[in-house]
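Please read through the structure below; I'll follow up with questions.
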Amino acid sequence: MSKSQVGVIGASGYVGAELIGILLNHSSVEITEISSGQNKGRPFSELYPSFTGQFDQAFVDNDTVIDASDVLFICLPHGKSEELVKQCVDKGKKVIDVGADFRLNDLNVYEEWYGVRSLFPNLHNLSVYGLPEMNREKIKQTTLVANPGCYPTSILLGLYPAVSSQLVDLKTLVIDAKSGVTGAGKGLSEAVHFANKNEGFNAYKVGTHRHTPEIEEKLVEMGAEDVNITFVPHLLPVNRGILSTLYIDLKEETEAETIQDLYEKWYADEPFVTVLKSGQWPNISHVTHSNQCHIGLTVDERTNRLVIVSVIDNMQKGAAGQAVQNFNIMSDITETEGLSMVAPSF
Amino acid sequence: MSKSQVGVIGASGYVGAELIGILLNHSSVEITEISSGQNKGRPFSELYPSFTGQFDQAFVDNDTVIDASDVLFICLPHGKSEELVKQCVDKGKKVIDVGADFRLNDLNVYEEWYGVRSLFPNLHNLSVYGLPEMNREKIKQTTLVANPGCYPTSILLGLYPAVSSQLVDLKTLVIDAKSGVTGAGKGLSEAVHFANKNEGFNAYKVGTHRHTPEIEEKLVEMGAEDVNITFVPHLLPVNRGILSTLYIDLKEETEAETIQDLYEKWYADEPFVTVLKSGQWPNISHVTHSNQCHIGLTVDERTNRLVIVSVIDNMQKGAAGQAVQNFNIMSDITETEGLSMVAPSF
Amino acid sequence: MSKSQVGVIGASGYVGAELIGILLNHSSVEITEISSGQNKGRPFSELYPSFTGQFDQAFVDNDTVIDASDVLFICLPHGKSEELVKQCVDKGKKVIDVGADFRLNDLNVYEEWYGVRSLFPNLHNLSVYGLPEMNREKIKQTTLVANPGCYPTSILLGLYPAVSSQLVDLKTLVIDAKSGVTGAGKGLSEAVHFANKNEGFNAYKVGTHRHTPEIEEKLVEMGAEDVNITFVPHLLPVNRGILSTLYIDLKEETEAETIQDLYEKWYADEPFVTVLKSGQWPNISHVTHSNQCHIGLTVDERTNRLVIVSVIDNMQKGAAGQAVQNFNIMSDITETEGLSMVAPSF
Amino acid sequence: MSKSQVGVIGASGYVGAELIGILLNHSSVEITEISSGQNKGRPFSELYPSFTGQFDQAFVDNDTVIDASDVLFICLPHGKSEELVKQCVDKGKKVIDVGADFRLNDLNVYEEWYGVRSLFPNLHNLSVYGLPEMNREKIKQTTLVANPGCYPTSILLGLYPAVSSQLVDLKTLVIDAKSGVTGAGKGLSEAVHFANKNEGFNAYKVGTHRHTPEIEEKLVEMGAEDVNITFVPHLLPVNRGILSTLYIDLKEETEAETIQDLYEKWYADEPFVTVLKSGQWPNISHVTHSNQCHIGLTVDERTNRLVIVSVIDNMQKGAAGQAVQNFNIMSDITETEGLSMVAPSF
């Protein structure tokens, strides 16, 4: 089979770097060109010395990437993708947009939280929210995937079976999430200055994080009634990983085994979601550098509250890995191709 | 003023080590003797090389410590303190029990969660729960203080004003707490083997941690009606610090400023509790190596839920520091003596 | 092409876990059986939860592994491999011994440093020291490879061109090496208890580490005259990686460019050794999770001393990765098969 | 005794923050004013939230600090102190300059390495190099102390007895030093961006670090003949601490015990230098947050090379702690006042 001609726009950021690492070992991909607004002409390996001698290709401009490629990964901050996506779609290219521009169906909500107004509202009809465990069939048939946010991926996978099965009272949902620092990206800041972050831990954007409406909208798509959630993210002193602890009241008294059983069956055939045995709890380090999501759960019988813990690698299942998973699905390639690495044990 | 003759029983553990460090710089204390069940005859500095040349005193047996001292700090696992406390009290010594044996008033609940039956139930009438911000007057007058657990300290300080003021619905309380590894102590284990813990993060004892009934009992003492809480601790890859994120529904719609104001006034004169300005959030690294508690809060208006974040150093305000604070209060010494160190900025 | 039937003896340790991770993604390998002295019957994923659902195979005994396999990786402490290797060789199997038993040609030196006497001295004539950059042709033709130690790999690759070219005075060689904690293995100890190691750094086994004679013997094979080195290892608070800083007097005044040029040419065709441009210095994080070795060098003109810095991942090029590289060479498979992962950038 | 009126110029940097922390607990000090070029008017605790409620004083300008104080600590980058020192000295103030401007006696060497020409060469006659273990008597009598660099402090203390006793051949000296990231200061940079530094380790400024001539000049003052050293610093993924490993040939065969004995006697009365027992090796974590220096040593008999390992906290004995030690000596205060904290054990 001939290889897909794949380009990456915005390849100088962390998601871009992770993506290049995956694509280089993907048997059905040939990387055509990569772009970066601020690094044109510089070799990729100058920014990421791990790649020295392995991928020294220089950044070019976006147009060159688009013209050279059949499939585009776009890794740009919100508000920067939409015009490029328009251009790609008009030229008949497939697009996986790793940024936020196409994640929300409700463009008013998008504008409210992101402060950006859509220029091409109709374009959004094309896009599919790229959580394969929820939308696999739609992803197969689209040419434009909106790759989910990192927090929403971990949270939605943790809630999907319970919410779809109408077991839980969404009004009581509390989401306490913790992320590694790569979520904050390549940009320098006080918050991720080593001496500040090392041995530190804090909450941030309490109740105001932009992933909030994305979680809410998709929960409704899963079958929840109109939901308002409390979502508090925290910043861990580790490079990678998201652990979301989810607290939600059960509508009726339900035994832990019943829900354990539901979850195990729900995800039995999913290559990237593992429901741990009762009594086991996931650890961020068990999924980092892999595309896996691990889920553990119990019922707190004293309060009849369901507690779910879900972990992913924010750079893999939370970004670049899921993007490649979506690419595989769109391209009718084995879904796990390029993503079979098991998380290193240390 | 003559110095207090102070002994430490169980000084070989982490709390003991932290306590020795504080006491060595306490102007009103002379350390008499220290004991350790397994290390008799060995110099303290052999276990803790930081102390080489600074405190090389050898461990002796418990009786020697008791006889040489007017005040005893007892740092032993649960179930190990009660008999020693009896012996100390009978000899007219003052005791700060840093372990769990005297924390709960309800001895049936204690037996249920700890699997240990009290041998001297009457002895428990003497003891005062040593959270100074709650029980300062009682501590002044007792000879036996039960030093609070680390998680309960951070959580109770975070909830005290709101609970006492009857603003919140305790049935909705969710406590998501995160601790550094010194909470797991000096004992070797897979969980805190460096290569396992480094870059890792996980929940543990979900809904089953022994600090649960301690939190519940003291919340009732603060004015709550009978409470059942969901308490989920997590283990951070840092040495020190506890951050507790507290989620609780407000009984009525209340503005964040009202609660901010309540908290600021409540703790205005407390030397070791700082309520951060609205919009600021505490960081574990801002209190480690100090006896401070920092509290930040907001109201999630979308859900009318109060969100409080409380941080302490588990070894200081969560253990040894609070023990010395209690000692100061019991001894009519300035409450901050020996505890004035500001958390290092890095 | 049919897949090699590969077994792993001693698969429960850290090198075993790393090796399984590599072999699972190796296109020409089928893992037959794995053994562990202490974990027979337990699933591999119980020890290493990353593998849950990916590799749940149970440990069996050594004989079962040997009989089921054409090629054996043996990952055992020194003194434990020799008899098993004898058994494998007698049965016509290929062996990569990842332990120390076959690394030294001089069995008296081995006995002196390791306290173990060889039972089958003749067997050692078969074995080849598995540093491919030095012994590739011999590895192709052998059935028994002694996989090098982690420190020696980083050090020998750093010195090979200069020593072979007779540029340096070996009597002046100082080796200051720093390793991540996985080098200390899976066993629990005070040294790698999280609270002890985190934010800590120390030298250990100063001048007495068992890798010393291995380095010396191979330097002589490279062309050095009889050498006595000073080798001081240190333990870094990171999971992976070795950085060796090598200091050695140049025999004659030589410009840095000359040596830079020598090194670049020497390693130009090596897939796993990268000589960085003049002025660039390697970082452990640029090679971890990959089989790469990065080398930087300069001449300190003030002292006419050559300074070389060499980094590898101790678990990959320093152990499991190099073992697979040797397997590929012995099996006439593309040398990079299964080892093409680029070090993640974070 | 009335308290010294002490001001801090350049108090917004890391050394300033550490210094304020020490001075707040110093019984003979009253902090008058603090300055910062870029933060005038901002409260100190806004930059360093640990100090919230403990030290909220606002930054003023340099002149205000000088006029309000009897003693000045100046914590500025090289080239920025000299004029301020002139001003202070002219006004009869005592000065501890924590920067580099007065460390070197040879102003040509200073200009060569720092690219700055002295404006007041005569002023340098006043200054004393503030390594108390070497220059205590001179410090007592001066009004201007040049506080040593962090690397030189650890290295000079490690070499002082051997060099003064003419036991070693300085031409063979190799210094391999490793520092925590606070040595790089408060400024944001790629090198200390959390995701870059965490799990990373690298050499930097190989053979070109500006502390090189400082080490060389003071070794000559200790009795060495003209020396050229190789000094290679490395950056550890920890917040604090310097570990220097020193390699130097003994002039004659000397037993380790002889040198151990020399070192123990040499430093027997020093409050801040501890020579560890033979066989013990220092760890950065055993001195962090304290003003201690720990030294371990051995003779590598195979090469007749002396190996010394010396550790300090770069922010304490390597900067602010030593500055206060010098202040105490200059002010005829007990030398350990404000510096008696033992390094926390975790």
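By letter and in written order, the chains are A, B, C and D; residue numbering begins at 1 in each of them.
Rule of thumb we're sticking to: a contact is a pair of C-beta atoms (placed from the backbone, for glycine too) under 8 Å apart; a residue touches a chain by one contact, two chains touch by 3 or more.
Note that the coordinates shown come from a computational prediction; the quantities given were computed from them, not determined experimentally.
Taking each chain's centre as the mean of its CA atoms, A is the chain most distant from subunit D. Sharing over half of its contact pairs with A-C by residue number, the repeated interface among A-D, A-B or B-D is B-D.
Contact count check for C-D and B-C (C-beta pairs in contact): higher for C-D. The distance from the centre of subunit C to the centre of subunit D, each centre being the mean of the chain's C-alpha atoms, comes to 39 Å.
Centre-to-centre, using mean CA coordinates, subunit B is 36 Å away from subunit D.
Per-chain Cα centroids separate subunit B from subunit C by 47 Å. Listed for subunit D are residues 14, 182, 195, 198-199, 237-240, 283, 285-286, 346, each touching two or more other chains. Contact residues of subunit D toward subunit C in the complex are 171-172, 174, 176, 178, 195-196, 198-204, 206-207, 228-230, 232, 234, 236-241, 243, 245, 247, 281-286, 288, 296, 298, 300-303, 305, 307, 309, 346. Those residues of subunit A that touch subunit C in the complex are listed here as 14, 17-18, 21, 24-25, 48-55, 182, 199, 239-240, 274, 276, 280, 283, 285-287, 289-290, 292, 294, 315, 340-346. Residues 14, 181-182, 186, 188-190, 192-195, 197-199, 237-239 of subunit A are the ones that touch subunit D when the two sit in their complex.
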